[in-house]
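Listed below are the structures to be examined.
The same chain A turns up in both complexes below, where it pairs with chain B and then with chain C.
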Partner chain A sequence: MLKTSLTFVGIAFIAVVLADLEVSTQHPWLEMGRMVEGVFTPELSVIWEFKASLLNTAIFALCGTFLGVILGIGLAFFFQFLPVRLFCAFIRAIHEIFWAFIFLPIVGLNSICGVLAIAIPYAGIFAKVYAEIIQESDQQPLEGIPKDTHRLSRFFYGVLPVIYADTKHYTAYRFECALRSSAILGFIGLPTLGYHLETFFKEGMYSEVAALLIVFYFLIASLKYWLKPRLVPVYVVLAFALLSREISLSWENVARFFTYEILPWPMRRQGIHDGTYTVSFVLIPVLEWVKAIWLDEAWEGIWKTIVLTQIVLVGTGLFSLFVFPFACRHFAGKVTNRIWHYLLIIVRTTPEYILAYIFLTLWGPSMLPAVWAILLHNGAILAFLSSNNADLVQLRIDAPFKRIDRYFYEILPRVYGQFLAFLFYRWEVMMRESAILGILGIYTLGFYIHSAISDDQIDKAMLLILFTAILNMGIDSISQVVRRRLKISTKLSIAS
Partner chain B sequence: MDSDTPSCLFSLDKENISYQDTTILKNVTLEINQGEKVGLIGPSGAGKTTLLRTLYQRVSEQSAFVHQHYALVPQLSVFHNVYVGRLDRNTTSQNLINLVYPREQVRQEIFPILDSLGIKEKSFVRVGELSGGEMQRVAVARAIYRQESILLADEPVSSIDPHQAGAVLELINQVAETVVMSLHAVELALKYAERIIGLHNGEIQFDLSAEEVTPVILKELYQQS
Partner chain C sequence: MCFAVLSNYMRLLVLFLLFNSMLVLPVLGEFKFTAIPDQDTARLQQRFGKIADYLSGKLGIEVKYIPVKDYAGSVQSFKNNEVQLAWFGGLSGVKARLAVPGSVAIAQGAEDPYFMSYFIANVSTGLSFAEEFPKGIKGRTFTFGSKGSTSGRLMPELFIRQSFSQTPRDVFSRVGFSGDHSKTLALVQSGSYEVGAMNFKVWKKEVDAGRVDPAKVQVIWRTPAYPDYNWTIRGDVDETYGEGFIKKVQQALIDLQDRAILDAFPRARFIPADNSMFKPVLDTAIEVGIIRN
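Now for the complex of A and B:
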C-alpha cells in the first residue's frame, strides 16, 4: 500500500512540474476581500426574485433522479451481462454537462435537456451500485425461500427487504448530488441556480452570490427533514407536473441529429457544397478527420486532463489526511470537532464547478483554480468519512499520549485501507470533473468540447466526448485493478 | 401405492456425498420410510447437515426444511417470514399484495401456528428484533406453514430453552407425517424420535430404534476421535 501510494505521489510531483499553476490576476487579495464582504452581506431579496430557478433546480434533480432510478433498476437486473456493464460504464463516464451538450442540439435548451442530462449518467451509476449492493447482500434469507417461487416474489421477499436500507441511503445521497448537478447545469444556460450564479459572479455581485448559495446549503441541509420515503411519490408527481412544458420537441430535429448532424464532417461536406445535403460514405477522409482532431485537440486535451487528475488525486489524499484529525475525537476537543465537521459539510456541499468559479475569479485562468476546486470538494468528502471512521476506533487506555504518535501508530493504519479504496473509487469522478472544468478555460477535454459546441461542430464535440468517455472507462478499470491488487474495499472494517 | 406397507421415501445406497467442500458422507446406505420419526445425532462435523440437505434435494417438492441458521429475512415481520413458506403456491400478485395488506384468510392460517409456538404477539415485529430462540420458532413456523408431509429439520431447537424445546418437537411430530431432524441434545432425540441414526466422521455409526440406544453406544459415538 505504501509503495502504491508513493508511486502516485511521484507521478503527481511530475504532473505539478508540468502543469501551469500560476496566479495571473493582479489583485487576488482585493477580490477575495470583496467576496468575504459579500458572504457577510448576503442580499437575501434575490431569493424571492429568483425563486423559479430554485424550484427548477429541485424539479430537475427530482425528475432526473427518479428516471435514473427507474432506468438503473432495469439495468441492474441485467448487470451480469458484459454488454450491459459496458453500456452503464459508458453512460456514467460522460459528465452531466456533456450530456446536456449532447441533448442541447436535439431537444433545445429546456427542461427535457436538464432532466435527461441528470437521468442518463445517474442510471449508469444506479445500475452499478444497486447491482453491487445486491451482490454483496446477505444470501442466507434466500435459502429459506421455496425453490419454485417466481422471480418477482423471490425478489420482493428475499432480496428487496435485505437491500432496502442500503439502496435508500445511496439513493438519498445521489439525490443530493443531483441537486448539485442540477444547479451547475445553469452555468451552460439551463434555467437553474447556476444561471444566475454565473451572471452574479461575472458582475462581481458577491452579496447576491452568497444569498443564492445560502439557500442552496439550506436546501441540502434540510433534506433529512423533508425527504421522507413516504413523501417521495408526492414530490415526484409534483415535480413532473411542474416541469416546464414550454418545449418544442420536433421529431424531425431528433432524427436529423442522429442521422445527419453527428456524422463526421467529411461525410457531409460534399452534400453541403452542392446544396443537396446528401451523405457520402468516405472512409479515408473520415479517418483523416479523426486523426486531425486527435492530433490538434484530443491529444492535448487528454494529456492536460490526465495531468490535472493526477495532481488532484494525490492532492485530495494529502488534504484529507491532513484535515481529518481536526474533525476526529481522538485528536481535538468537541468544539473543534464540531466546527470542522460543519466546515467540511459546507465545502462538500458546494459544487466543484462553483468552487472553480470562485478560484478562477480570484486567480485567473490556469490549472490552479481547477486543482483546488476538485481537491477541496473531494477532500472534504474523504476527510469527513475518514474522521467518522476514526471516531469508531476505540483506543486502548495505554495508547500513545502524543497526538502525532497516536495518528501514525493507532489511527492511520486502521483507516488507511478504506481511505485509499475510497480515494481510488473517486479517481474516475475526479477525472470527469477535470475534463469538465476545461469549460472554464484550461485546456482539458472540456475546453475543446465546449469550443466545438460553441462553433456548432456537433460531430467534433461527439467525437471528443467519446474520447473522454473511453478515457474515463479506462481510469475506472485501472482503479478497480489497483483496489483489487491492494485488497482494499470501501466497505468499512475497523477492529477496535 | 400399497397402503399396508409404508412406502420408502429416501434410499441411499453406498453413496459418497460432498457438500460445499466441507463435510463428506462416506459410503452411506440408508432407507427412510413414510411415517418415520428419525433423529440424527453425532458430534459436530459428523455430517448431519450434509445428510439432511442431501435428503432435502431428493424430495424438495414434498418437504419443508428448518435451517440451522434460520435463513429468515431480518427486515420482514414474523408474519411475512412465515408466509414465505408458501410463496411458490400463490400467484405473484397475491404475494405482492400480501406484503402490503395480508388477506384475512392468510392471517387465519398463520396466527394459529404462531400461537402454538408462543410468538403470536410478535406477529408484526421485524424478525431482526427478535431473540435467537424466537427466530428459531419463526423458522419452525415457516416450515410448518408449508404443510408438507415430510419435515426435515436441522437443529430446530438449538436456541430454545430446554424445557420449551420438547413442546416444539412435539408440534413438529404432530404436523408432519415423516420427520427427520438432527439434534444436539441426545435426550431430546431419544424422547421425540423413534429411530436414531448416529453419525460420525461422515459415516453411519449405528441405526437403531430409540429403545435400543444404550449409554454405551452413545459414549462410543461421542468419545471416539
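Now for the complex of A and C:
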C-alpha cells in the first residue's frame, strides 16, 4: 500500500513540474476582497427574479435521476453480460456537460437536453452500483425461496427487501449530485441556476452570485426535510408535468444529426462544395481526418488531462489526510468537529465547476484553478468520509496521548485502506472533471471539444468525446486493478 | 396516517399550482429571434427586448427574443429552427447560413460594412498606439473575445497570423478566450491579460460610459476594415408566415428610427445587406481554419 501510494506521489510530482500552475492575474487579492464583500452583501432580490431557473434546476435533477434509475435498474439485471458492462462504463465515462453538447444539436437548447444529459450517465452509474449492491447482499433470504420460483418473484421477495436501504441511500445521494449537475448545465446555456451564475461571475456581480449560491445550499441542505420516499412519486409526476409543457422535439433535427452532422467531414465535404449536401463514402480521407484530429488536438488534450488528473488525485489524498483529523472526535473538541463538518459539507456541496470559476477569476487561466477546484471538492468528500470512519474507531485505554502519535499509530493505519480505496474509486471522477474544466481555458480535452462545438464541427466534437470516454474507461479499469491488487474496498471494515 | 399523507398531497397540489404560474407557456406561431451575447451579458433582455416589441408592432405577429449563453448557442438555435431570425456577427452569420441552406442576410448596421477591431494593451506593457501592426505584442499574454467572434477572434487572429506567420499560441505566452468584448476590456484593464483584441464599437461605448481608465488600458492598433454584424433570417419563413415575409422583416429593420433601440446594438441605423457581402469573412474563416474547406 505504501509502495503504491509513493509511486502515485512520484508521478504527481513529475506532473506538477510539467504543469502550468502560474498565477497570471496582477491583483488577485483585490478581486478576492470584492468576492468576500459579495458574500456578506447578498442581493437576495435576484432569487425571486430567477425563481424559474431554480425550479428548472430541481426539475431537471428529478426527471434526470428518475429516468436514470429506471434505465439503471433495467441494465443492472443484465450486468453479468460483458457488453452491458462495457456499455454502462461507456455512458458514464462521458460527463454530463459533454452529454449536453451531444444532445444540443439533436433536441435543441431545452429541457429535454438537460434531463437526458443527466439521465444517460446516471443510468450507467446506477446500473453499476445497483448490480454491486445486489452482488454483495445477503444471499440467505434467497436460499429460502423455492428454486422454481419466477425470477421476478425471487427478486421482489428475496433481493429487494435486503437491498432496499442501501439503494435508497445511494439514490438519494445521487439526487444531490444531480442537483449539482443540473446547476452547472446552466453554464453552457441551459435554463438552470448556472445560467445566471455564469453571467454574474463574468460581470463581477458577486452579491448576486452569493444570493444564488445561498439558495443552492439551502436547496441541498433542506433535502432531508422534503425528499421523503413516499412523496417521490408525486414529485416525479409533477416534474414531468411541468417539463412536458416545454418540450418541443423536431424529428428533422434528430434525423439531421444522426444521418448527416455526425458523419466525418470528408464524407460531407464534396456535397457541401457542390451544394447537393450528399454524402460520399471515402475511407482514406476519413482515416486522415481521424489522424489529423489525433495529432493536432486529441494528443495534447489527453496529455494535459492526465497531468491534471494525476496532480489532483494525489492532492486530494494529501488534503483529506491533513484535514480529516479536525473533523474527527479523537483529535479535536466537539465545537471544532462541528465547524469542520459544516465547512466540509459546504465545500462538498459546491460544484467543482463553480469552484473553478471562482479560482479562475482570482488567479487567471492556468491549471492552478482547476487543480484546487477538483482537489477541494473531492478532498472535502473524502475528508468527511474518513473522519466518519475514524469516529467509529474505539481507542484502547492505553492509546497514545499525543495527537500526532495517535494519528499515525492508531487511526491512520485503521482507516488508510478504505481511504485509498475511495480515493482510487474517485480517480475516474477526477479525470472526467479534469477533461471538463478545459472549457474554462486550460488545454485539456474539454477545451478542444468546446472549440469544436463553437466552430459547429459536431463530427469532430463527437470523435473527441469518444477519445475522452475511452481514456476514462481505461482509468476506471486501472483503478479496479489497483484496488484489487491492494485488496482494499470502499466497504467499511474497521476492526477496532 | 392516511390523512397525513393526504394533506401532504394537498400541499403539493397547491405548490404545483403556484409553480405553474411561474413558467411561461410557449405560444404557437410565435416568431422568435436571438442575438449573439457579445457584451454586457447581464442586461441582454433589456438590450434586445425592445426590438422584439418594435417588430411585433410592425409585423403584426408575436415576436419574442430568446437569450442564449454564447455565440455557438445562437448558431445552434438558428439551425434547429428554435429561432427564425438572428443578429449575428460576421462569422456566426456565415456559419449559420452555411448550416441552413436558403437563409439570407437581410440587414446590417450602417457601420458594419467597415467594421474594425482594436488591439488594446495594459499600460504596464509600455506599448502605445501606432499605425502599423504592433510587433511588440509577441511573447505577451493575449485574450480574444468569444471563440466564435469576428471582431474579437477571427480578424485579430488573421492579422496576427499574417504578421508573424505563426499561430497565436506560438506568438503569445498565453492565449485566452474571454467570452465577450466587455470581458476582454475588463481583463486587459485589470492586467489579467497584457494585450487583447475587441470590437471597436464596444470600446467606444465603454469609453462613453466612463468604464475605461486611460491610465490602465489603451488602444495600440486599429485593424483594417472588414464586414461584420448582420441580421440573418431563415429561408423557410415565407412558407410559415406568408409570402413576402422576409421582405417585410427587412423593411421593418431598415425603417427602424428609435434611438433607444438602435443604441442597444449600438448602431446608427440598419441598412440592407445580402449574403455576398460576407464573402471576405468566409474566406478568412477558411484561411484561419475555423470553417473547413
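The criterion applied here is as follows: the second predicted complex is superposed on the first by the 492 of 496 C-alpha atoms of A that agree within 3 Å, B and C clash if a C-alpha of one lies under 4 Å from a C-alpha of the other, contacts with A are read in each partner's own complex, and residues count from 1 in each chain.
Note that in this section contacts are C-beta pairs under 8 Å (C-beta built on N, C-alpha and C of every residue); 3 or more make two chains touch, one makes a residue touch a chain.
Predicted model, so just to flag it, every value in this text is computed and none were measured.
In the superposition on chain A, contact of A:474 is made with neither chain B nor chain C. In the superposition on chain A, no contact is made by A:233 with either chain B or chain C.
Once the two complexes are laid over each other on the shared chain, residue contacts for A:204 go to chain C alone; chain B is not touched. Once the two complexes are laid over each other on the shared chain, residue contacts for A:164 go to chain B alone; chain C is not touched.
Number of chain A residues touched is higher for C, counting chain B against chain C. Once the two complexes are overlaid on the shared chain, A:74 sits clear of chain B and of chain C alike. Contacts of A:451 after superposition on the shared chain: chain C is touched, whereas chain B is not.
In the superposition on chain A, A:413 makes contact with neither chain B nor chain C. Of the residues of chain A, not a single one touches chain B in one of the two structures and chain C in the other.
Of all the residues in chain A, the ones that touch chain B in their complex are 138, 140-150, 152-154, 156-158, 161-162, 164-165.
The part of chain A that touches chain C in the complex is made up of residues 24-27, 31, 51-52, 55, 104-105, 108-110, 187-189, 195, 198-200, 202-205, 230-231, 234-235, 238, 241-242, 245-246, 248, 250, 252-253, 265, 269, 272, 275, 277, 364-366, 441, 450-451, 453-457. Here chain B touches chain A in the complex through residues 60, 67, 69-76, 80-81, 83-88, 90, 92, 95-96, 99, 139, 142, 146, going by the rule given at the top. Looking at the complex, you find that chain C touches chain A at residues 5, 8-9, 12, 15-16, 19-20, 22-26, 40-42, 68-73, 75-77, 79-82, 95, 98-99, 101, 124, 141, 146-148, 174, 176-177, 179-180, 182-183, 186, 190-193, 290-292.
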